[in-house]
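Look for subunit A in each of the two complexes below; its partner is subunit B in the first and subunit C in the second.
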Partner chain A sequence: MIKESLIGEFEKIVGKENVLTSKESLKAYSYDGTSSWIHEPDVVLFPTSTAEIAAIMKIANAEKVPVTPRGGGTNVSGGSVPIQGGIVLALAKFNKIIRIDKENMTATVEPGVVLMDLNMALAREGLFFPPDPQSFLGATLGGIIAENAGGPACVKYGVTKQYILGLEVVLPTGDVINVGGRTLKNVVGYDLTMLFVSSEGTLGVVTKAELKLNPMPPARKTIMAVYDDVAKAGENVFRVLENGVIPNKIELLDNWVINRIEEMMPMGLPKDADAVLLFETDGIPEAVEKETEKIVEIAKKYGATDVRVAKDQAEADKYWLARRAGFAAVFGKAPTVFAEDVTVPRGRIPDLIRKCKELAKKYAVEIVVLGHAGDGNLHPSILTDIKNKDHYDRAVKAMDEIIEGAVELGGVISGEHGIGLEKQKFFRKIENPKVIDIMKGIKALVDPNNIMNPGKIW
Partner chain B sequence: MIKESLIGEFEKIVGKENVLTSKESLKAYSYDGTSSWIHEPDVVLFPTSTAEIAAIMKIANAEKVPVTPRGGGTNVSGGSVPIQGGIVLALAKFNKIIRIDKENMTATVEPGVVLMDLNMALAREGLFFPPDPQSFLGATLGGIIAENAGGPACVKYGVTKQYILGLEVVLPTGDVINVGGRTLKNVVGYDLTMLFVSSEGTLGVVTKAELKLNPMPPARKTIMAVYDDVAKAGENVFRVLENGVIPNKIELLDNWVINRIEEMMPMGLPKDADAVLLFETDGIPEAVEKETEKIVEIAKKYGATDVRVAKDQAEADKYWLARRAGFAAVFGKAPTVFAEDVTVPRGRIPDLIRKCKELAKKYAVEIVVLGHAGDGNLHPSILTDIKNKDHYDRAVKAMDEIIEGAVELGGVISGEHGIGLEKQKFFRKIENPKVIDIMKGIKALVDPNNIMNPGKIW
Partner chain C sequence: MSSDLKELKKIEKDADQCMKCGFCSFFCPVYQEEHTETSVARGKNFLVKEILKGNQEFTPEMGEIIGKCLLCKRCVANCPSKTQIDRVVVGARAQMVKDKGLGFIKDFAFRKVMSNRKAFGRYVKLASKFQWIFPKGEGNIRHLPDFLKALGQGRHIPAIAKTFLRDQVEEVNKPQDGKEPKMRVGYFMGCATDFIYPELGKKIIDFLTKRGIEVVVPKEQNCCGAAIYFSGDFETGRKLAKDNIDAFKDVDYIVTACGTCSSTLKDYKVYLPDNEDQQKAYEEFGKKIKDATEFVVDVMKVNLDELKLKKEFEGKTATWHDPCHLIRYQNIKEQPRAILRALKGLKFAEMPNADLCCGMGGSFSVYHYDLTKKIADKKMAGIKATNADIVVTACPGCMINLIDNVARSKMPQKVHHLLELVE
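Moving on to the complex of A and B:
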């Protein structure tokens, strides 16, 4: 438990109205997007400036109080759960878009800016921030940076780290540093910017970020291809890419997901299909036309039983709404859901899907496959119930084997969700102890009192 | 001086023919692409496997012998100069392309692979590695990774780090680790891959790299735009980009460079122009046509006095040959040349160019401007003579003010050459000591005996 006297000090720093200690408030900040872990903090603080955060960190460091930064709380690996109590540093009110620099195609933002709000402001300038985690309605830039978030559009545009040019960070000691800068090219000592990106809030608090932006593509088109075999859909992914077409999205939904979506909101998806792929291509209109033709041609060549090009944006929106509903469809259907985040080299997607099918049979559990097929990042999900011990145990075994299978196929245990609390077991098992030693050494160097988001990653 | 007995041990590891100790050999490995620093190693070793390098590092670490890894020796900041003697680890023979995976669009390479050789092998598969340092005829992948190399094509494609998915690294202790993987999405603990990229050979020896590739664009087109004011050319750069056109190259040559090239090999460049911009756009033919039209239109709108579209690849090649000859033109014209590598936010290019012109007047020295205008990475070069004390002193002052000016404009002291030996003075002056402390802490953690490329960066 935190010392009572500290609450008064925090009130002086951020103002009484920005310090929450009521039972209900602490409960509201005790979980993340998964609800798998629940732990209440001692206090929730809402700073709105770098100076306030520096002052808070100085006290926390002196008193060895854990600090867990939190953006939208939309993460799905336990990253923002204050598992050792202490302070939740809620950054939602520290949320100004400081500058949009059209000439340099960059933006400077505070950590609490919600991705959707940023993209709406950027759209008015003809710009956009490409990484698109599907939690964009709530996810904040600070969290997106801490988790190196991905999303569907990474096939073409890459992940968050490729759009972070520089950061202002408050270190666990309360010192403020700037790393990186405002230019794409920057070789000035070790790349500390990339060290803070994807560090899951364990090395410091990002208080300002310089984002690289892209010009908004003037045209886009959506194509749905239907398959009688989900592994064929998997193969189709890399056939399109190896033909030189890079759509910005290639998403996969399997038969189970298609049918749950149709139950929730009928929109004419092919209910008897084993899988569908949704492609989106963007760019100048001439290129989009040409790429659409190519995608249709290749999909037909590699066994799609039907290929539909959305006739207008309204039809396209319908398909993408279906895709976004995928996760809700899965989570709504069972008391407990394991939503994996494995990522394999693209050429191995059919193997991973076959593996999931085998394991579903072997353990008699339902394994649903959906996800960002274009970059090999699938979210196989297992439906189970923690209260049904026999079923749950089989689900755990199946999940373990999916993860091991992905690693055997040359993949990784997490593509975009992070290790957090959820993947620690696999991280320890799979990672070379020498590598973990270096990571822990860096952690000890930057956070000697281990106060930043303790208990995460390892 | 290295102990005589160690030479015998090294011969046992790599074979007698791969150990050089003759006077001439040591001289050949005493300098890099700049010739500004010369220091001979005690021995040059040519390992051809990870195991050999691990064995060498174990001995070097136990005996505290400095080890300087070296690829093509084309770097231009002193990075591969063995400034404290010891071992030069020459990686030129450790140069197999292990695998080109067309389905996953990745390649696995050893560190000694020359970029030109890689791209020729990739071209046969319809692929390419986008970063294009202009030393590609000699530069090796290991060095390209160590320096996070850039080049003209970074405007559209980004820098080296965006194409490195994973690395095998021999640590200074001789331990072998793998970081990253084969997938684009990968959030598994701290991003150590990005720590080794751009570490200038100070943290370990890259022995294998997993590269992300792009499909080869089927069409490309070159446009030359002529300006009567170099600052107008600078403005034109971001006007093109803010209109949503992203060429893969936007290069700038000023009047001085144009005239030196015309002296060396007349090719019809406009000798009375204050500057020219060379654009290249690539992609599918329809998109390339459209983008070419747009570039021509915008260049005319913003003051280009003449705009020429290369009618065929032969004419385009001529222009790009001229661009590559730029550095040779500069270096051939004075006994001593300072070739800067400052990078500013794109919108500030005209300001940086104006600054260079002012300083040329103020210090009565010739300042030549060429470089990768598209990403704000210019190489202003000062022609001087180290033997002419008065002139040289003025050149140093002008150079210092260019670098300070770039930083004031929101830029950085090195875009793609690195700190090495050359920029240490500025690095110490500009960087926050807390940031340097973290970098030094990481160095001490990974290389406790300070044997990897000692004397560099700080």
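Moving on to the complex of A and C:
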């Protein structure tokens, strides 16, 4: 428990209205987007400046109080759950877009800016921030950076780390540093910016970020391809790419997901299809036309039974709404769901899908597959019920084997969600101990008292 | 805990739907101002589940948290897992009222005044004497019903009618052409129309009787119950439901020009039933309810091109505000726009975020008037962007709040009910 006298100190720093201690408020900051990780903090603080955060960190460091930064709380790794209590540093009110620089195509933002709000502001200037975690309606830039988030558009545009030029960070000691800068090229010593990107809030608090932007593509098209075998769909992904087209998204829905979406909101998806791929191309109109033609041609050549090009944006929106509804469809159908985040090299997607099918049979559990097929980041999800011990145990075994299988195929245990609490056991099992030691060494150097989001990653 | 949690158990399934993705935060007008997790659906839902699990009690702060929701349903409309958070919030309020009772002011307003139509009328009359001094003389109205009290917070308030609608209209109104009626329609006035906008009520009766419809206006009709049952007083809510069901017998439809009333009457079945008989009775009643906008377009199928614009609106530009109770509670979006577009001589300009709540939220604005103003500021920005001369809507509740905020923002726009525009 936190010392009573500290509450008064914090009130002096951020103001009484920005310090929450009621039982109800603490409960409301005990969770994130996962279902299994819950722990209440002792206090929730809402700082709105770098100076306030530095002052808070100095006290926390002196008193050895755990600090867990939190943006929108949309993450699905347990990352923003204050698992050892202490302070939740809620950054949602520290949310100004400081500058949009059209000439240099950069933006400077505070950590609490929500991605959707940023992209709406950028759209007015003809710009966009390409990384697109599907939690964009709630996810904040601070969290997106801390988790190195990605989404469907990764196929063409990559993930968050490719769009962070520089950061202002408050260290656990309360010192403020600037890493990186505002230029596209920057090789001044170790790349410390990358240290903080994907640090999951364990090394410091991002208080300002310099983002690299892209011009908004003037045209886009959506193509839906239907397959009678999900493995064929997997193969189609790299066939399209090896034929010289890089769509900005390639998303996969399997038969089970298609049918649940049709139940929730009928939109004419082919219910008997084993899998559907959704492609999106974007760029200048002529290129988009050509790329669309090429995708249609390749999909047909390599076994798609039906290929549809959305005739207008309304039809395209319908398909992408279906894709976004995919997760809800999965979560709504079972009391407990393991949503995996394994990622394999693209060419091994069919192998991974086959593996999932085998395991579903072997353990008699339902395993559904949807995800960002374009970058090998699938989300095989296992439907189970924590109250049904026998079923749950089988589901756990199946999940363990999916993860081992993905690693054997040359993949990783998490593509975009991060380790947090959710994947710790796999991280310890799979990661080289030497590598973990280096990580721990860095952590000890930056955070000697282990107060920044303790209990995460390893 | 001694509570039986009966009302909460009814909504347990709804509460379990939430998968905590947090997307609701983007759509919640309250969260967008406060940025705290207890403002938004996900947080409220989590806390209600904690009560169900026995980990949380109905503390005063809990009351504050579940009270601070506009019930605008923007989160519901955009929820990937289709969580009916409105049911969760209203159910939690009902459980709290059941366990703890309504506070004194609310008790007084709802149980003793609003459910007794004559007494309510008297209080409104009393209020009308003070109406010009409301902004200064707050103390004088301390004992007035809930929403009237709200009007005393320095608001620009609409004048309260000298003669209420109920005292101006006949109970039976035959078609004006003297022919056999095409159908028999019950007209539901609603409090705001009855006490503040009686002209609107007369207008509707005239509109319908001109077109061969017989309109009955039962004097026994009561308040729809929105402010009452959305606050959790289901007991009084069921009494009002019964009054209204009994008042409207032998009609083909029941029409109202208040978006909140039409949705409230339709939705008795969603929130109030305590047994199968009630469920059935509410469902039957709900089928007959039509909002005036949908009645004109979908049921009467009026040829919109023949509608005539009132002279005073000639050459004006109008913009449309979607009341929450029309667009999200009843999925009524296109009908009013079709009417506006069809009116010759009127220009229609869609405002950005037309579906954004105006910030009224019934008794929400009584307790959180500062928030109401902040939320309304966003609405005002949308209105300004259109350069419209008039703001048109179809809910007197929204009208009261829009008039207040247009005046507060020193904007030139006048606020009108859609049917006021039609000759």
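Observations, loosely collected:
Everything below uses one rule, namely that the second predicted complex is superposed on the first by the 458 of 458 C-alpha atoms of A that agree within 3 Å, B and C clash if a C-alpha of one lies under 4 Å from a C-alpha of the other, contacts with A are read in each partner's own complex, and residues count from 1 in each chain.
The rule we apply is simple: a residue touches a chain if its C-beta (ideal position, glycine included) is under 8 Å from a C-beta of that chain, and two chains touch if they have at least 3 such contacts.
None of the values given here were measured: they were computed from a predicted structure.
Of the two partner chains placed by the overlay, only subunit B lies in contact with A:S199; subunit C stays clear of it. Legend: residue contacts after superposition of the two complexes on their common chain; A:N148 is shown touching subunit B, with no touch to subunit C.
Once chain A of one complex is fitted onto chain A of the other, the partner contacts of A:G189 are limited to subunit B, with no touch recorded for subunit C. Touched residues of subunit A, counted separately for subunit B and subunit C, are more numerous for B.
Across the two superposed structures, the residue set of subunit A contacted by subunit B and also by subunit C is empty.
Those residues of subunit A lying in contact with subunit C across their complex are 20, 22-25, 27-29, 31-35, 46, 72-74, 90, 92-93, 95, 112, 114, 116, 135, 137-138, 264, 324-325, 327-328, 331-332.
Residues 17, 19-27, 35-38, 43, 46-47, 50, 55-56, 59, 61-62, 65, 78, 80-82 of subunit C are the ones touching subunit A in the complex. Subunit B meets subunit A in the complex at residues 101-106, 126, 147-148, 150, 154, 158-159, 161-162, 171, 175, 177-179, 181-192, 194-195, 197-199, 203, 214-218, 238, 241-246, 283-284, 286-287, 289-291, 343-348, 372, 375-377, 410-419, 423, 427, 431-432, 434-436, 438-439, 441-442, 445-446, 457-458.
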